[in-house]
Amino acid sequence: MTAFPAEDQIPEELRPLLSERALTGETIVLNMGPQHPSTHGVLRLILELDGERIINCIPDIGFLHTGIEKNMEAKTYEKALVMTDRTDYLNNLGNNLTYCLAIEKLVELDVPPRAQAIRVIMVELQRIASHLVWLGTHALDLAAQSVFLYCFREREVILDLFELCSGARMMTSYIRPGGVWRDLPEEFEPALKAFSKDLPRRLDQYEAILTKNPLWLDRTVGISPIDAETALAQGLTGPLLRAAGVPFDLRRTQPYSGYDQYDFDIPTADSGDVYDRYIVRMQEMRQSLRIIDQAMEDLPGGLFRSDNRKFVPPPRSELGHSMEAVIHHFKLWTEGFRAPHGSVFVATESPRGVLGCYLVGDGGPYPYRVHFRTPSFAALQALPLLAKGCLIADLVAIISSLDPVLGDTDR
Amino acid sequence: MGILEQATELVTREMGDDVLDVTTFRGETTISLKPMAISMAVKLLRDDPDLNFNFLAMLTAVDYFPQEPRFLVAYQLYSLSNNVYLGLQVPVSGKGPELPTIESVYPNANWHEREVWDMFGISFVGHTDPRRILMPHDWEGHPLRKDYPLGYEEVQFSFNFDEIDKRKPYAKE
Amino acid sequence: MQVEYLPIAVLVLVSTLMAFAIVGLGHLIGPKRASARKLEPYESGMRPIGPGRRQVQVHFYLVAVLFILFDIEIVFLLPWAVSLRKLGLFGIIEMAVFVVILLVGYVYAWRRGALEWD
Amino acid sequence: MGLEGKSASAGAITLPLEKAVNWARTGAMWPMLFGLACCAIEMMSAQAADYDMSRFGMELMRGSPRQSDLMIVAGRVSRKMAPVLRRLYDQMPEPKWVVSMGDCASCSGVFNNYALVQGVDEVVPVDVYVAGCPPRPEALIHGILRLHEKVRQEPLTDWI
């Protein structure tokens, strides 16, 4: 056996996790490290390889740990909203929504119906944009270069819609406690109608390229199948669980923000392998489009943000002629509103799975503790189970089929 | 809601004095237990056929620094068939915080417990891989504790730019 | 007949000169700042685990040999394809025999499972 | 009139070696695939069809530092990532530049806490800072064009 030079020995803490063949040098221990084209961000995998076959795969996360939960404890409820945009940077509005729902549940603030409908439209648009980035990078990893360019062309249209109503492309912070930041501009409706009329044709183009493409099928069918029980035991949710056949979607089981008014169906598949996750996500984009169309048709009028001045700062126009507005404005923007003692757990359906926000209030204006239960964290935890025994080329397909976002994992 | 009452009644009947109290806040039922009873309670709730809490939605901790039972480890269980959430809370003392692991019941608790160890310093007895998960492995201290400083760096404005610039460790070539 | 080969000779000469010029100039004029950290093997940004040179599975060698085999076959196809009209029927039969021989080798390798990974 | 004048009238344009080399360097400056966080998504949009960073020679995002000349630090650099970033910077061949994309890379932006390196210039020397959170694709391309201007003025002395 080749002797290992001293300093390149396997690090101490990894030894118990690897098989003894690694220590004798028979299998290769390799870093598929933080800077790698197919790890979708800064994920490091310590692979123990027997030739191309993976014996052991140990994920090592934390390379994008930003201490967001600690930082949010130092900001008021409204100002901490800015942090939620940056945890899962492909699902900014979904994070905002989860955090705002938690605040509204904690302080019992009700949201006017128009704001709920706008929130549903924006979150579903964000879901389509996130699935487009997933499809683009998933196809790019499996060598379908053109699909990447198509998907980002569609995504630019959605980003223009976000920019139209919130001024920013990605970090919109458009959903605020009590409703949304501004009302939808008039140009939004025609632009959205044009987009929602045009997207199904594009999706058919992608499906024409990929769904029956023998290269695509060889790389994705039968790779890392997972059944419903082990998926649930591993904490997999969202498209990963639905691909295994469990129609568990929080928008249907625990409707929030007015989701029960719209009818859409939950796409599921049966064997839970990479191909089924692809099919489920492609169907989900179409269902999101259906929701957007229904929400856009009967968009209720009225307030776009609750007028409960204890928690929601008054619009600038009111400041001119009402003393209470000035007082509320001053109080809310300097000190922020106070939340009662107690803890609240709210979960919504993010494009990757169940996104939960555990909010603890201590009577003061600062959130005492905010914890995000993120779906990518559970997805990457299941990676060793999914990746055991397959080839490196399959590992690339599995990672991108889990659609991990490392900001979501490391917070 | 029959399921939640059924669950709390089952846990109180089985665990007896280990159950500290049952609270409902904003429509969420939370049972707080003694530290050593958590793995038994969780096994009960999952294996009971009609309760069937088969999904561990969340596992995290909260640091109430000055108060004595300093940490509070919070669990959220979800039953897919009954579509209902149940919260569990375990107060843990500040000196030598320790808790039995529930990894045998819910495999996905592995990383959650590693994160709670990394961020709060609460060690889980019987955990298969008690390493740090988010911070570098040679990091001292547990960042999410209330007595851990935020690590705030003074912001450079024009008036204090120069003296901060001298102290800032710029990378040479 | 030799005149025919002059352009090819010029082509070969110019291409080798170009190749050596590009590499040579880069080597001669380019700045060389080798530091220990730069020469460390690249392993996606982390310290490499284990030595660079290691026993590799024999299957890689097998796949490589098979590739070379069928690659050479294609190289022979090229000049044949260019002068097919002149060779006529004789050329087709000749190449068919050549391809069939290699096909037998391919089927044998396939049946023995050389293409399957483990 | 100097050499240029005479040879110009003879129809030959002379160019100091420095300008020629610097111009050649800005032609195809391949960035390293080093997307960390949200700015990486905007970098992908800048690379994709709508904004097409390849018009300025950034055709390929090379995976390994050995084949890249430019390191775009796109995203927040955590304390755990800093040694990796430094090692990758060291492993890049010599004419190399660093663009720090976004507020998080330039001064750790919104996150002023224990987990992030407060500005990537503590780890690697930065040539161009691109502001924005995340900067728009046009802003990134503008930053890279400013880098090209800077490369054109680089003196020859420290090169040989």
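The chains carry the letters A, B, C and D, assigned in the order they are written, with residues numbered from 1 in each.
One rule holds in what follows: contacts are C-beta pairs under 8 Å (C-beta built on N, C-alpha and C of every residue); 3 or more make two chains touch, one makes a residue touch a chain.
Owing to the predicted nature of the structure, the values given are computational and were not obtained by experimental measurement.
A.B. asks: Going by the average position of its CA atoms, which chain sits the greatest distance from chain B?
C.D. replies: If we average the C-alpha coordinates per chain, C ends up farthest from chain B.
A.B. asks: Could you name the chain whose CA centroid falls nearest to the centroid of all protein CA atoms?
C.D. replies: Answer for the innermost chain: A.
A.B. asks: Quick check: more C-beta contact pairs at B-D or at C-D?
C.D. replies: Pair with the higher count of C-beta contacts: B-D.
A.B. asks: Using mean C-alpha positions as chain centres, tell me how far chain B is from chain C in Å, no decimals.
C.D. replies: From the centre of chain B to the centre of chain C is 57 Å.
A.B. asks: What is the distance, in whole Å, between the centres of chain B and chain D, each centre taken as the mean of its C-alpha atoms?
C.D. replies: Centres of chain B and chain D (C-alpha means) sit 42 Å apart.
A.B. asks: Just curious, how far off is chain D from chain C if you go by their C-alpha centres, in Å?
C.D. replies: 34
A.B. asks: Report the inter-centroid distance (CA atoms only) between chain A and chain B in whole Å.
C.D. replies: Each chain's C-alpha centroid was found; their separation is 22 Å.
A.B. asks: Touching at least two other chains at once: which residues of chain A meet that condition?
C.D. replies: Chain A, residues with two or more chain partners: 33-36, 62, 65, 67, 70-71, 410.
A.B. asks: Out of chain B, which residues touch more than one other chain, so two or more?
C.D. replies: Residue numbers touching two or more other chains: 135-136, 143, 148, 150-152.
A.B. asks: Check each residue of chain C and list the ones that touch at least two other chains.
C.D. replies: Each of 45-47 in chain C touches at least two other chains.
A.B. asks: For the protein chains shown, what form does their contact graph take: line, ring, star, complete or other?
C.D. replies: Its topology fits none of the listed shapes; call it other.
A.B. asks: Of all possible chain pairs, which ones touch?
C.D. replies: A-B, A-C, A-D, B-D, C-D
A.B. asks: Taking the touch rule as given, give the residues of chain A at its contact with chain D in the complex, in rising order.
C.D. replies: It is residues 33-37, 41-42, 62-68, 70-71, 82-83, 86, 89-90, 133, 136-137, 148-149, 152-153, 155-156, 159, 169-171, 406-407, 410 of chain A that touch chain D.
A.B. asks: Can you tell me which positions in chain B touch chain D when the two form their complex?
C.D. replies: Residue list for chain B touching chain D: 135-136, 139, 143, 148-153, 155, 168-173.
A.B. asks: Would you mind writing out the residues of chain D in touch with chain A in their complex?
C.D. replies: 32-38, 40-42, 44-45, 48-50, 61, 63, 65, 75-76, 78, 80-81, 84, 88, 110-116, 133-134, 136
A.B. asks: Spell out the residues on chain A that touch chain C in their complex, using ranges where they run on.
C.D. replies: Residues 2, 4-5, 8-11, 25-26, 28-36, 44, 46, 50-53, 391.
A.B. asks: Mind listing the chain D positions that touch chain B in their complex?
C.D. replies: Result: residues 79-80, 86, 108, 112-115, 118-119, 121-125 of chain D touch chain B.
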